Amino acid sequence: MAHSSDRLRDDTEEHLAEGAVDVIDPVLATAPENRVWKKFRTHGSAVFGGILVAFFVLIALLAPILPVPDPAATDWGAVRQAPSLDHPLGTDEIGRDVLSRMVWGAQASLMAGVISVAIALTLGVPLGILAGYFGGWTDAVISRCTEALLAAPFLILAIALAAFLGPSLTNAMIAIGISATPIFIRLTRGQVLSVKAEDYVEGAQAIGLPTPRILTRYIFPNVFPPVLVQATLTVATAIIAEASLSFLGLGQQPPSPSWGSMLNTAKNFLNQAPWMALWPGVGIFLVVLGFNLLGDGLRDALDPREH
Amino acid sequence: MLSFILRRLLIAIPTIILITIFVFALQQLLPGDPLLVMAGEERDPEVLEFLREKYRLNDPIPIQYLAWIGNVLQGDLGISLRTNQPVTELIGEKLPVTIQLAIMAIIFAMVIGIPTGVLSAVKKGTPVDYAANVVALSGLSIPNFWLGIMLILLVSVQWDLLPASGYVPISEDPIQSFTTMIMPAFVLGTALAATLMRHTRSAMLGVLTSDYVRTARAKGLLERSVILKHALRNALTPIVTLTALLFGELIAGAVLTEQIFTIPGFGKLVVDAVFNRDYAVVQGIVLVTAIGFIMMNLLADMLYFLLNPRLRHQ
Amino acid sequence: MSFKTTTLVAALLGVTALGAQAQDLRIALQSDADVLDPDQSRTFVGRIVYASMCDKLVDITPDLEIIPQLATGWQWSDDGTSLTMQLREDVVFHDGTPFNADAVVRNIDRSQNLEESRRKSELSSIVGTEVLGEHEVRFDLSGPDATLLAQFADRSGMMVSPDAAEAAGADFGLNPVCSGPFSFVERVAQDRIVLERFPDYWNADEIHFDTVTFLPIPDTTVRLANLQAGDIDILERLAATDLQQAQDDPDINVDSAVSLGYQGITFNVNNGERGDNPWGNDPRLRQALSHAIDREVINQVVFNGAFAAGNQPFPPNSPWYHDEIPVPARDVDRARELLAEAGYPDGIDLEVQVPNTTVPLQLMQVIQAMAGEAGINIEITSKEFATLLADQSAGDYQASQIGWSGRVDPDGNIHQFMTSGGGINDSHFSDPEIDSLLNEARVTTDASVRGESYDAAREILNEELPIVYLYHQTWIWALDDGIQGFTAYPDGMIRLEGVTLEQ
């Protein structure tokens, strides 16, 4: 939010138009950022969500100094052991401490979740707005490319990327981000299509408001809620997808842990060691819950109609 | 409307051609040799060379592509390198299975996701809302394999209620077919239900505070009718988009569910074909999915028009 | 009324009687078979299906002795260059074509000359076939071939109906016609392969099922759950880690046999530019790795002790195993010494490619941890199988974790891997002495002479170590407790002669 108002101040031409907008603007009152922050702060569940996310981010950052054993250290005498005092979350299939792997895996998983979603957002939202708002050939080109991306099996893209770029977490995040882009394009485009026909947008067009203004002022706020919801949900999918990619040689390579690959391995030990699946599952759940609550708070705070 | 559909169908043809070219080229760039995979433990260079000739793998890629598209125009998608079965037969066999699974999963997801989303929005900030959110998000975070295996162990092994796996075609025995699909459809539908629930909730929240809902309320309409007739209809745009998109994704992404419940579906066909570098099968699949996505997107665009009367005038 | 009742009762009885008779056996396989043509097929699960569908000239006992199946007896010429076989006289193919010497000749011709045939190298020693009588045939060989009978005990010895094969050509696999106890009914890819009892089977008295259905169920946990739910009767390749659970279940029986194959780490010794690396150039490094790992611990940790630790291409219970080179105990100090001798006292890196499935990844991480303690820093690269195979064959690798499913004759486990220019010698290891030893072992049928050759070769290879052998898989079958008469074979096949199911 702060970002968009900074840009407004830099741009004098648009600044001039602002007076005209305020008259007919049913959406935003003055000094939006203060109100938004205030509403957000008092939003109990959003603060809880923020704390959850901050907690995991902190864990990911502090992994090297937390008092946990080496995540790759094996103990042949303690393979697939249930949670105990020595290993509070149990041990895995080759006797490594699950707690430590959860802590160290948080980094790869959060990055896979957040950065790939960020990539998908930066690509998907502008393209979706372009396609929906301008229609015609712009829409045709963007939409057909989206269809192409959707129709190409993800596996082929992933294997090709793994072969050409080699294994790294960054490449995995790029692959996941690109494959998650179509959903944001389509979602944005659909919203834009329905907002575009609203009276106030047509009014703004009628008084000759510059297109970038219409986009940021009217279109974007309406696109924002579903995109935000989808983004907070895609975090979960991306964390899990990282694991499939590491199996193709694209993501984190063993013995480095990630929640997704821990979950993947646990699949084979559901009978003997159910906790191996439990903890990464819980971790992903809490992170996703955190992001979703945070998203709800942001959504409410940004919704101008709700007071 | 009709001309719109016709235009879209016309533009679909070059789109499909471009998609198939793109994937064809990409496939050839992949590491791994289909014949080497096929040969497995028996690599007789002479036989491999013969097969390379037989399947025209030595031809330049553009020639291979032209040969492929020529055959496609005659309704021939080639044969699987691995099992020698015709690709049309494979797709014809697998696609209906997964479509059935996907439709059932979508119905599950809509039946669970949309009402919970509405309820959650209406009761925003109450324990009902929180509970609905937590359940939805756990549905999203629980891995399919875990849920699937737990269901098999509980429902099939312990209670002996439903078959553990397998598939019966709907044409053979509709009831049996439905029973074998209940658990897989539920497993596949959970994540989707969560997505729909969250989107319905968010969209409903936006709409419930809008002017026309306020107007409707002021007119003294029943709350139920306000919510269902006015609010929900206007909240449907993202839901339509998602359902159209996710339907396609379900078909390609049902691999794990299909694998756990041993359903001979499209998802597994896709993955096996890619891993075995079974080019003809991959190419056939891409063709079919491309057509599928174009249809779904067209359907979604038509639904936008129907849902939003204003768009129709443009 | 009473008439109606009677017919109803009769009908009901008829139905139940039929129900008791029409017995279906459901077998879960780990994956789907490839093309069902013995001359073209390549997969292990395909061979499991053939065991019920296609009889071979000879079969094996669980102790790997060759015994009659379609051939009732055989004699080698004194110089070992021709083999005469007498054939069973009461055999017909599923399409009614009689089985005789002419059919054998046409089968060998197809295996050798069908362009798609994968059996060419297995039968390369045969230069001529001659019909000696209606049920007697002679194979003329280019030279003595000790492996031939073992080949006849597998796909090369499977007899298909020559008329059906000629008519179908390369598409024979879509509708295979053999002479085994069950005939082909239908196949739905990735779903099922259905066979039905062949009433004219020569050994029909020993067959107690009316249909056999093979179901590919890739997930091991799910395979077991299906058995527990009663949806299947037999499953192959139970996960070693599920063994305890299956044994604890009173309704499930477990049977097992150590396989003929092995798993190991293949080094790129001289395959392309990447063969020129310390690990390819200096056998001491490879010895160091072998010393750094504890094969028994690997077996315990990864396979719950159910498999067999190994250091040779043959499992320790095999008659071909060289007893004087036992599975080495772990010796980290020796490993460090060898590293130092090779010029790497401070440790060295090693890049190993691994197929992207759970067990190999788990195995390699265990080895990674063990090797790390000896100063060998292993970097694991997980690749999907097609990429792994292509890179390995092209020499684009340093070391590769891969195995071999195993063959009845020892030659199949060693010759094509270790001889110069061998078909699967991806290591490009080459040593003239090994070549001559392994070639000698091929051309004599005298087991003790062969044993000496293999022992001598093993002694050299144990120093050179182009492949560091790790373990031998154990085939584990889980069976419904109503299954009687099942026998575990080291080749992993499921033979249904004498097997019954009581419900």
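Going by the order they are written in, the chains are A, B and C; count residues from 1 in each one.
What we mean here is this: contacts are C-beta pairs under 8 Å (C-beta built on N, C-alpha and C of every residue); 3 or more make two chains touch, one makes a residue touch a chain.
None of these values were measured; they are calculated from a predicted model.
Of all chains, the one whose mean C-alpha position sits at the greatest distance from that of chain A is C. Chain-level centrality, scored on Cα centres against the all-protein Cα centre, points to B. Distance between chain A and chain C, defined via averaged C-alpha coordinates, is recorded as 47 Å. Inter-chain centre distance (chain B to chain C, centres taken as mean C-alpha positions): 38 Å. If you average the CA atoms of chain A and of chain B, the two centres end up 22 Å from each other.
The set of chain C residues that touch two or more partner chains comprises 221, 384, 387. Chain B has residues 30-31, 145, 149, 275 in contact with two or more other chains.
Looking at chain A, one finds that residues 159, 163, 267, 270 touch two or more other chains. Per the touch definition, chain B reaches chain C in the complex via residues 30-34, 36-44, 46-47, 50-51, 54, 82-85, 90, 93-94, 145, 149, 152-153, 156-157, 160, 163-167, 259-262, 264, 268-269, 272, 275-277. The touching residues of chain A, when paired with chain C in their complex, are 72-74, 76, 79, 93-95, 159, 162-163, 167, 246-249, 253-255, 264-265, 267-272.
Across the interface of their complex, chain A is touched by residues 11, 15, 18-19, 22-23, 26-27, 29-31, 130, 133-134, 137-138, 140-143, 145-146, 149-150, 191, 194-195, 198-199, 202-203, 205-206, 209-210, 237-238, 240-242, 244-245, 248-249, 252, 270-271, 274-275, 282, 285-286, 289-290, 292-294, 297, 300, 304, 307-308, 310-311, 313-314 of chain B.
Chain contact summary for the complex, chain A toward chain B: residues 45, 140, 143-144, 146-148, 150-157, 159-160, 163-164, 182-183, 186-187, 189-191, 193-194, 196-198, 225-226, 228-230, 232-233, 236-237, 240, 263, 267, 270, 277, 281, 284-285, 288-289, 292-293, 296, 299-300, 303, 305-306.
Remark: chain C residues 32, 34-35, 37, 40, 42-43, 115-118, 120-121, 170-171, 173-174, 188-191, 215-219, 221-222, 225-226, 228-229, 231, 384-387, 389-391, 393, 404-405, 423-424 touch chain B in the complex.
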